[in-house]
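Chain naming follows the written order as A, B, C, D and E, and within any one chain the residues start at number 1.
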Amino acid sequence: MSTAATEPASDRAKGDRTRGDKGEVLVDVQDLKVHFPIKRGIIFDKVVGHVYAVDGVDLQIRRGETYGLVGESGCGKSTLGRAILHLEESTEGTVTFDGQSLTDLGGEDLRKRRRDLQMVFQDPMGSLDPRQSVESLLVEGMKAHGIVGDAEAAMPRLKQLLSDVGLPAAALKKYPHEFSGGQRQRIGIARALSVDPELIVADEPVSALDVSVQAQVINLLADLQEEYGLTYLVIAHDLAVVRHISDRVGVMYLGGIVEESDAADLYANPLHPYTRALLSAVPVPDPDVEDTREQILLSGDLPSPANPPSGCRFHTRCPWRQESRCDDERPQLRLVEIDGTTGSHKVACHYAEQIASGEIQPHDVETQTEDKPKELREAEGDEVADDIPFT
Amino acid sequence: MLRFIVRRLLQLVLVIFALSVLLFAWLKSLPGGTVSAMLGERATPESREALTKELGLDQPIPVQYWSFLKRAVQGDFGVSNGVQPGTPALDLLLERFPATIELSISALLVAVLLALPLGYLAARRRGGILDNVAIVGSLVGVAVPVFFLAFLLKYWFAIELGWMPVSGRQEVGNATRVTGFFVLDGLLTREWDASLDALKHLVLPAIALASIPFAMIFRITRASVLDVLDEDFVRTARSKGLTSRVIRGRHIMRNALLPVITAIGLQTGLLLGGAILTETVFNFPGIGNALSEGFTKRDYPVLQVIILAAAGVYVLVNLVVDILYAVVDPRVRTR
Amino acid sequence: MTPTHRDARDPGTKGPRGLGSRKKERIDELAATAGASGPVDEAGAIDDTAGVSLIASAWRRLRRSPVFLVGLAITIAFVVLAIVSSWLAPHDPGEWLLYDKVSPQSNPIPGPEPGFPLGADDKGRDLLSRLLVGSRQTLIVGVCATLFGLAGGLVLGTLAGAFSGWVDSVIMRIVDVMLSIPSLLLAFSISAVASRPSQWTLIIAIAIVQIPIFARLLRGSMLAQRSKDHVLAARALGVKKSAIVLRHMLPNSLGPVIVQATLVLATAIIDAAALSFLGLGNPDDRNPEWGQMLGRAQTYIYDHPHLAFYPAICIIIVALGFTLMGESLREALDPKSRR
Amino acid sequence: AESERSDDGSGGGSGGEGGDGTFTFGAAGAPEVFDPFYASDGETFRITRQIFEGLVEVKPGSAEIGPGLATEWEPNEDGTKWTFTLRDGVTFSDGEEMNAEAICANFERMADQNETAQAGPAEYWAYSMEGFGEDSLYRSCEATDDMTVDLTIARPTSKFPALLSLSSFAMQSPKALEEGNANEVTKQGEGFSYPENAQNPVGTGPYTFEKYDTANKTVTLKRNDDYWGEKAKNAEIVFKIIPDESTRRQELEADSINGYDLPNPVDWKGLEDGGNQVEVRPAFNILYMGLNPERNEKLQDKKVREAIGLALDREGMVKAQLPEGAVAASQFMPDTVQGYNSELQPTERDVEKAKSLLKEAGAEDLELTFAYPSEVTRPYMPNPQKIHEALTNNLEEVGITVKAVTKPWNGGYLDGVDNGQFDAWLLGWTGDYDSADNFIGTFFGNLESNDFQTSATDFGEQLSQEIKEADQTVDEAERTAMYEELNKKIAEEYIPGLPISHSPPAIVVNEDVEGLVASPLTAEEFSTVTVGGK
Amino acid sequence: MTTTTPETARRDPRGAEPLLSVRDLTVTFKRQGEDPFVAVDGLSFDVRPGQTVGLVGESGCGKSVTSLAIMGLLPDRGNTVTGSVELDGRDLLTLSNKQMRDLRGSDIGMIFQDPLSSLNPVVPIGRQVTEVLERHKGMSRKSAKPVAREMLHKVGIPDPDRRLTEYPHQLSGGMRQRALIAMALACEPRMLIADEPTTALDVTIQAQILALLRELVEEMDTALIMITHDLGVVAGLCDEVNVLYGGRLVERGDRHPLFHDPHHPYTGGLLSSVPSLEGDAAERLNPVPGSVADNLPWTSSCAFAPRCSNAIERCREETPAAVASGDRVLRCFNPLGGQASPAESEEDRR
């Protein structure tokens, strides 16, 4: 693992920053868990259950690479992203950034460290304070980290930033609501860049955008990575986008990573049944492909993360589910050696090899309509009822 | 839901308890008070002292509170010494509260019956004449001090036209009292005259009291209907070719009423406050009237019991409203 | 929060809705106005003019609303009157000029006469002057009560909204207790405490009632802001917590509070009248105030209703002005009502 | 001879001489208790007065006393024992006979109060009879025969027997007293809880108690068809409790009540213009400005007190603030009271003299904390604030700096006056009965504690002594002369406070009402009243 | 079945008479203090029974407005609709409100984008389905219930009996969308309009819904208008594709020719903006520059010209007209590949 210490801020100007080799692990996530407590109580709240939003994730992101994270809505992608940035308190596990454990960091140290880890959000409007002009939005971070003293001194840098993200300098004096969606997203990216970070976590950066604008932003992200030597964690649910942008891809299902590999490898040889289903479900703008494609239709929906299925989380929807193991033993993410895959292909399935070789055939899945445990339901009811404004 | 209710009830008890402490401490810190009020000009320092001692008012306030609390849990809130001397404060409350409830409900009925249809129509014809007139009208309703409105109403309808009585709850008569709700009593005992008479006495105060709730409910209805009109499910309903009656009732109003229900709960606070003025002006023997009288006469037992009861009722009504809300809105119901 | 219907309740979901319509508006605007051609870079053209803040754009919308303009006109007229009334008033409002003519039975309220177009009040003071100068005290009562209430509410609400946990719990429980007393009752009680009633006890009584309302309102929107992405973004950026609260959460939460404030101005004036009516107003009436004038006039309301009518009409007009303004502000700031 | 009352009398079909009308009266407040002995306020007495009678009664339309249940009375030589001859053939409305035994039962009941009642409810006794047991003025009651009663008192006093006309000391049915456990007053919380008797008044008066509808705030009385004297003209009296003054007026204008008490002076004209009858009663009260030489030492100088008196424009204030019939006061009692000194004139305003007196006293920079009450109107003080302002203006004109203070009547004002918290204050007194002692005795009689803090002055002791002497003088003429002298001294020599004015209270009835006799003591009897000629 | 292969040989509906034919549909919105805004501008297309016609384009190009105009669901005031929308030869735009109400739900059904907000939150699912049947089939609530149950079953909602009494929030996103479809299909309309029916759903659920739609169209011979901005969805589902830009049709064609050989630069731009699952991932995307926000009105030029890489002088001076050649319609002066004949301008046509 890397041992690079934090360099002093002064010699981190663009261009001559010292980066480690590509390939060195920048972010190391070990067994990360984020469980949101579900509280209920008559006078004092007590915890009656947990939403297992992230439930034991191991993940390494190497310097300079783009790690793509896909998965269905609610599977915990955003939570994972935020937990890595220590924006969400993790329940268990460690996040090591550039050799330093973020988990132990707190207060002012953490705040200073944030300079290296930035985030780009899905909703470009919601993530920009509507009352601040672009200029103050961008200057804020720099001031917080002492990169510039005042707005005056920041000017050249601001202009540079804006031109980097493809916006004219005239944008500085404007407010977020005066921009189009794509432009706002560029502002969001410029803000992340303003403090000269090493890692950018982009949480669905293009989902809210029109296709053409989406493509512009994807290109922009790629350009910036090249220019600044950034490391990305890109979260998305659009597999095509993820494939396009990522070096490596992790597939998440219900709080855990079920498969991880190089992008090309993963798309060419999906091993986990869920990945297969996911891939087969993506519509492709090519009628020929669409007409001939085999689709694996999953039945049912993602189970509630507050009451995840035992064993393999996917077993309730898995067409390859086997009587043994799947129901009660949770598969570990493991390296698999299967012909055609690269050596770094990891998958969390007991029967990955058998499925790949066709030894196990898919079958019908009994749709289970699942119910949450009673306590949880009540807790939810309470909470909703509490939300009714009392005056 | 049951847990929710229990929880809120416990909160209610806490609120009432905290309030009773504050109230007690505050009343005790007031200058003058019971002794002055009882003895009047005739008071001499000796008589004052004797009475103070007799009533235990010379003891430290925490001691006094403790004895108050001990008695209160047994349902003894002391005896009125100004508003209706000699009557236990609780009895006074129980006797006066029905009047206020009767008045508040009438006012609320007036407000709701006017506000809902108007609110709906105004929203449907947003920007139309009706909309603008109703909006400005409702704002005027808020801007006119209640007691002034009451005076105008009395002047025109009671004195000039003579249609309604000036004040009071019922002309003197031998109406039988059953529940304390005079209109209801008349119906129960088949004393139609008494019932009608009580109703007539309610009209003007109810209108005066309704002015603010009407305005609020009207505006909330209007806003909420506007919101709902914009909702996708209304479009869905129309895309199903449903008749306008069904769309209006099942799809628009049922949803638009949700915020209105909450608003109505909050109105009870305004109603109770407004009742102080309205009841005073109309000499309507409810708790509002008793309150303002209780203040000038420094009738602390009555003040205490009424304020606590008003707060309790307010919290309770809102609890009921929340429950009602849950009944109407399945999203809030426990699954 | 439950995953299933977060959307149904999350205040944040109002955002995207407003966003969508705003986006469309923007689209419309550009579609209609864009005429400039030339090379287009990927991000599209951005004109060179200075930016228009949210407030400025709200003002643009408001400028066209007749309701708002009427409200604003009334308000401005009122404030101007309050400032210049001392010079406008023909007489000193406190001087018992026609006292000689007052006799409680035959002539309790001297009628109009030359130099006294509206006549005098029960102490022979010029009614017109009192009405004019009364605007000042009325404004002071309204503004001070609102400001005090606002200040108290801001402090409590900010504390509760910024620090969750026990600070929040404690504050909100206090607020709940205060809220569970009907407001007029509370004001009534507070002004009855005052050992020495004055204008300030009146103001404080009205203000205290407003505190929990402001606090709750502010806390609500602060909480909504706390879960907003832009706050998260500021945290991610490493902005200090105090700066996040003061620069990002608070300003964005103020909208509903400000709207409420304009409405409170109206209610404060009316409440002041109500308290005066109940005999809890400012006993010193050398400096006239409309609510007090109205409250005092009830003694004469039967035979000399004009004494009540003038201040009542003034109060109604001014309260209406504030309410009209507040309501249209509320509509303008509510993204839902934009279309 | 009479049997129990039957119910048919109430219907009014064939009732006695009277008509079957209803007289509806707007009362300003709820009655305290219907046992007048425990009551202390006018609203209660107005009701009980129709039900009960005392040994002696006030003559209608005046403050003088006349026969009541006793037809004659005679003191012994030293004025400590009074023999009353009772009226024949009087029964209580429950059928009990009114005789000497019944009278003594009443007095013994009144004298025998438990501690709780002594401290509070039996206030009138405690104050008029000067306490209970040993301290009390009352000694004993003896029924010498069936119709003769001897009352023994501790010392001679001018108050006797006038004080027996007080409504509190009216005679109640001994049976009702006993059955209703009349004396069992208990303390409950911060109030008093009254026995059943207090809800069931039984007296000998022209009316009987019918019901008190607390939920509707009305008290109904029925004509007592077995009344010994002239039967009441109205079959029924209804008291509607309407605390708000202007509402009472509106009710009257809307004809839903026939009359109400204490109309605001500013309404008098309007009421009369509307065809109502405003009966102005002779003033039996005094408004004064109290001075506190203890708190403000400058006030110990008589010159200063005199100067303040000279500064006041009583006439002007009376004209602008008080109703017609009000007069400036020259002494601490109205002219109807025996002992009033008709030679005295109200002090004329003299600014120059006031200023020079102040200068002489070295008090040019006099500062006065001058208080007035809020939340109250009194017959002698219809608008405290306005009166205060008028007087303040006067004082300021002679260079006195006035610090105006106001407190709610029950919220600290009365306390403040009692505890000597103000340099000067406004207060007054409505007489209970015709006795000079009821005025000046109340004000200055008790040296140790009185509002005027006369103990801090050089004349205080003497004044109190002189009052006592006058009070104990048995001979009426001699006593009257002493009081006249005393009034002069108070006004010219002592100047413990400044009498301001006497203000006549009024009562208003609408045009249909006839036969109302206004009483200076506001003690009207409604049995003579007819409504619409019925 | 979990694994499906779409039938390669789809029935070709093109011979049939059009069920719905939209001609010159123009929708103009009045705006306070501004020029009126033309949201849909002279749009024409046909839909035949059993045919799926796609409307694609970026946000704001007028897709939803078109569908609402067909349904007669545009706001009561503030807009004018011209042209004609004929269903079976009856012009829907001239029908009275009452006639339209009879038609909606029975002859034309519609599915909306956001399944949660499109369902009434306080009315049980079952009731929302039965009310259509009551309204159009004259059934009683009771007799409608089994039909509704059947409907829910048909759209693949498991345990339909229980779901009948449940409320929308108790269903998952996919199930809500199915319920919405069940409602639209309850009276077996001949015409179905789906406005972005899968945008709010996850890909796996989207696949389920699309499969369902496909099945229904084939089974019931329904005509389907599919509105979406997802070119992938169009490629898999539609027979004919209409590409909209700024309220106008810019290109129409059957899906194979259109996707393989887009003529209009906008269509081409859209296709090249989409990252693909195949091919070289490292390749840069070729997006259409700018955003829709920059479009020009169509009055004096091609609205796409400012963003068009192929734009020539003429594009900025004249408005191109839509020219049909065979099954293709194109509105462009300088199409991609250059082989097609340049379009005439609108002036020329007049």
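Basically, a residue touches a chain if its C-beta (ideal position, glycine included) is under 8 Å from a C-beta of that chain, and two chains touch if they have at least 3 such contacts.
For each chain, UniProt lists the protein as follows: A, E = Peptide/nickel transport system ATP-binding protein; B, C = Peptide/nickel transport system permease protein.
If you're wondering where the values come from, they're calculated on a predicted model, not measured in any experiment.
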item	value
Pair joined by more contacting C-beta pairs (C-D or A-C)	A-C
Relative to chain A, chain with the most remote C-alpha centre	D
Length of the line joining the C-alpha centres of chain A and chain D, rounded to whole Å	88
Computed distance of Cα centres, chain D from chain B, in Å	39
Averaged-CA centre spacing for the pair chain E and chain A, given as whole angstrom	32
Chain centre separation (chain B, chain E; CA means) in Å	54
Junction residues of chain D - those touching two or more other chains	250, 253, 375, 407-408, 411-412
Set of chain C residues in contact with two or more other chains	4-5, 8-9, 23, 26-27, 41-44, 176, 179, 192, 195, 279, 298, 301
In chain A, residues with contacts to at least two other chains	180-183, 216, 219, 380, 384, 389-391
Interfacial residue positions of chain B with respect to chain E in the complex	231-233, 235-243, 246, 250-251, 254-255, 258, 328-331, 335
Chain A residues within the chain C interface of the complex	51, 74, 82, 85, 87, 111-115, 117-119, 121-123, 125-134, 140-141, 144-145, 165-168, 170-171, 173-175, 177-183, 186, 188, 191, 194-195, 216, 219-220, 304-306, 380, 383-384, 387, 389-391
Chain D - residues contacting chain B, complex	24, 30, 32-33, 40-41, 115-116, 118-120, 123, 126-127, 187-194, 198, 213-218, 220, 238, 240-244, 247, 250-251, 253-254, 256, 375-376, 407-416, 418-419, 427-429, 446, 449
Parts of chain C lying in touch with chain D, wherever the complex brings them together	96, 99-100, 102-106, 108, 122-124, 192, 195-197, 279, 283-284, 298-303
Of all residues in chain C, those that touch chain A in their complex	1-4, 9, 12, 15-16, 19, 22-23, 26-27, 41-44, 46-48, 50-54, 57, 176, 179, 213, 216, 220, 228-230, 232-240, 243, 247-248, 251-252
